Amino acid sequence: MKKLFTMNELNVTEIEGILHEAEGFANGSSWHPKLQTMVANLFFEPSTRTKSSFEMAERKLGLEVIPFDAGTSSILKGETLYDTVKTLEAIGVNALIIRHEQDHYFDELKEKIRIPIINAGDGCGNHPTQSLLDLLTIKQEFDSFKGLKIAIIGDVRHSRVAKSNAEALTRLGAEVVFSGPPEWFDGEKGLGRYQDIDEAIATSDVVMLLRIQHERHSEKYNHANGDYLERFGLTKKREKNMKQDAIIMHPAPINRGVEIDSDLVECSRSRIFKQMENGVFIRMAVLKNVLEQTEGGMNHENCDQKWSIAR
Amino acid sequence: MKKLFTMNELNVTEIEGILHEAEGFANGSSWHPKLQTMVANLFFEPSTRTKSSFEMAERKLGLEVIPFDAGTSSILKGETLYDTVKTLEAIGVNALIIRHEQDHYFDELKEKIRIPIINAGDGCGNHPTQSLLDLLTIKQEFDSFKGLKIAIIGDVRHSRVAKSNAEALTRLGAEVVFSGPPEWFDGEKGLGRYQDIDEAIATSDVVMLLRIQHERHSEKYNHANGDYLERFGLTKKREKNMKQDAIIMHPAPINRGVEIDSDLVECSRSRIFKQMENGVFIRMAVLKNVLEQTEGGMNHENCDQKWSIAR
Amino acid sequence: MKKLFTMNELNVTEIEGILHEAEGFANGSSWHPKLQTMVANLFFEPSTRTKSSFEMAERKLGLEVIPFDAGTSSILKGETLYDTVKTLEAIGVNALIIRHEQDHYFDELKEKIRIPIINAGDGCGNHPTQSLLDLLTIKQEFDSFKGLKIAIIGDVRHSRVAKSNAEALTRLGAEVVFSGPPEWFDGEKGLGRYQDIDEAIATSDVVMLLRIQHERHSEKYNHANGDYLERFGLTKKREKNMKQDAIIMHPAPINRGVEIDSDLVECSRSRIFKQMENGVFIRMAVLKNVLEQTEGGMNHENCDQKWSIAR
């Protein structure tokens, strides 16, 4: 593949290929591009996990990282995202990782930019490397997706992964149910049915909690009174009813005491920090994939203009 | 050379030497310092192109880049530019690249700082590596500057490159004319005459557009109604009247639809993104030049004080 | 050692060991970890010197630095310091350097985080690598601490190093006196007596000035009228009364003309910029120490959870 914007672009074989490669990296495999390779991470929204995870993956692959800070860039002088990306292509960056607050920001880029772009999150849209790391974490635990029941719980409407995870998990043979505040569930998508919170938690192999995306709620949902945890979160009482080998997942950052009782974040069922570790291996696999497609032949070919010096 | 603050410091032979070296890098030459070499990029104003370009050049030369963020530095605690620079010298940085909003910020540094400094833009003053990349782009196209006519169009008053480009191009044998809003043209400098916009564009080999530096205009010039493009910008109609082999240049970031019709930014005459690519090679050449002068013998010698441990 | 939060953790032998190692680095020794090693510098307060110094030390040791910008991190989404640190541990960072505005921020981390943490300043509390570089600078000058008299002058109350320096210097055999505004001196700590400013300066081997920490004063101390320099600062007149071989130190950033006459900052007695250079060697020594303790065996062991893939 030469880009990764959404999970829909990947068929089941490609997903399994990436998971396999990521497991290889987790078990100590290494890969380095033959030539000095430059990447840049363009994050237009706050991030610790995803950005650090890409930075780590890039260094493990021996890539050079050209720093980019949206807050001190020419975006401040009114430059568009397209011109910024085109600039980085022109100066020789070999691949870009982009997080942007606008849904499908990549639509305006994909026709005209020739270097690979990996989507690290667009608005309330997609976050394919997060989806892939979730899949890897489940696969490590249960080896197969067939017959598993996964409950996706919480802020489905604003989540970048709820819908694409549900879609991918269904394709891979799992059953998906949704729970949480019914008004945040968009049943018409047909990706899975809504189930009562207690039943969903008690009967699933994977309890996948979603972060309440306060920064995306136009009217702030009031959960300060602890009501959310009791009604829709993973309390200690609900955790006791989970299936024997069931695991807990959360993309983080966690609102402790809201989506999950703070004491459960590091309990033995929790794979929350393992998800983070897996993120590095997934990003290594995705970066390897896109860089292998483009290696060689990029010099001076990344612009539509004639290059007298390169002849 | 051990520093580069303004184009005036360079004679014609030195300019040609840098262009030659940059062409070598464009064609695949490489150079690395013998010892581990540390540089820092101090950007006190927003930048995408220039900063990324230096970062790229530095990595291609195998330099180590010590990150510096003006927004989280001790400048916030009231530290002066001089003390900040002296600090970086003391901890062992081997060369500095500085952009600062104050004209001639380097005057207070040049006597007392021993490590090389490359000016990446001072106020409305100078931006020598931008001038050099402009020259390289013209040279690649026409091989020689002699007999060429170059039109520099737009916000001459606030441009960092208009005057120094005019001066250097004249020294190299080209003819320079200026155009754009007459009130932004300072005819007394004697660097070139003012010409009507239509004539300037129709008769020049290089149409060099300048960015309107909104952030430097004390009273904001009103161009929102599209008036500027029609009166002083490069419209499609004016482009049709250009000489057959004439090229379009712009330092960017571009105000699309203001200095230039958006559709022309990537037309076959445009060298706008090629300028950006050339910027990397120019900066490699300049960095090589200043680092070669200082290599070896820097350890412990960068302060006026006696160093008992180094004896 | 596997961490460094405060000077109190180090006994005299350990302090001398670090100083010895740092002198080795100053004289050209090198050390590199056997495996690719990742560190991150988490600075939640402005810094030029300490941050750049760690960045320099890390590159000299061949470490990879994962960039972290508090201003664009998930801290903005409400993530706690603990969860941020745990995240960086989970993705494979091998050591953390942290500066945070909260006194003893590390208390909540030290039990549960397994990777080494080096404190780069906590509130008005501690700054052990600054203390160590002060000690190194004194040792280089006088070879031994025994019998030396050190005057610590100024904003003792808000200083991160005044108390720990006094404590360490006393342990190492020096005599410490304090001076400056009496209301900023907390005599009850028993670390040294208060002495009149003129007498303290005239009779000490080391005049260690402290920065007025404006940003930590709840009510801003008014020194704009130059009154502070005359009453409690190092004026040219007081400098003339210093002992023949006495030296001047200041942790910087300097408020020029406040704690010290601006002309004295780079006088022959001043070791202010030498302190900065020493900071790099001290940080190399401390990093080497903590990384040697943890090398090998960190993979997949940094979380409480079972890791199916690592078996």
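The first chain written gets the first letter, and so on, giving A, B and C; residue counts start at 1 in each chain.
The rule is simple: contacts are C-beta pairs under 8 Å (C-beta built on N, C-alpha and C of every residue); 3 or more make two chains touch, one makes a residue touch a chain.
What you see is a predicted model; the values in this text were computed from it and never measured.
Novice: Taking all residue numbers at the chain A to chain C contact, is the shared part over half or under half, that is, same or different?
Specialist: Under half shared, hence different.
Novice: To test your reading of the model: what rotation angle superimposes chain A on chain B by C-alpha positions, in degrees to the nearest 5?
Specialist: 120
Novice: Using Cα averages as centroids, what's the distance between chain A and chain C in whole Å?
Specialist: Distance between chain centres: 38 Å.
Novice: For chain B, which residues are shared contacts with two or more other chains?
Specialist: Answer for chain B, listing residues that touch two or more other chains: 67, 69, 71.
Novice: Across the complex, what residues on chain B touch chain C?
Specialist: 36, 38, 40, 64, 66-69, 71-80, 83-84, 86-93, 300, 303-310
Novice: Which chain A residues qualify as touching chain C in the complex?
Specialist: 23, 26-27, 43, 46-49, 51-53, 55-56, 59-60, 65, 67, 69-71, 140-141, 214-215, 252-256, 266, 268, 270-271, 273-274, 276-277, 279-280
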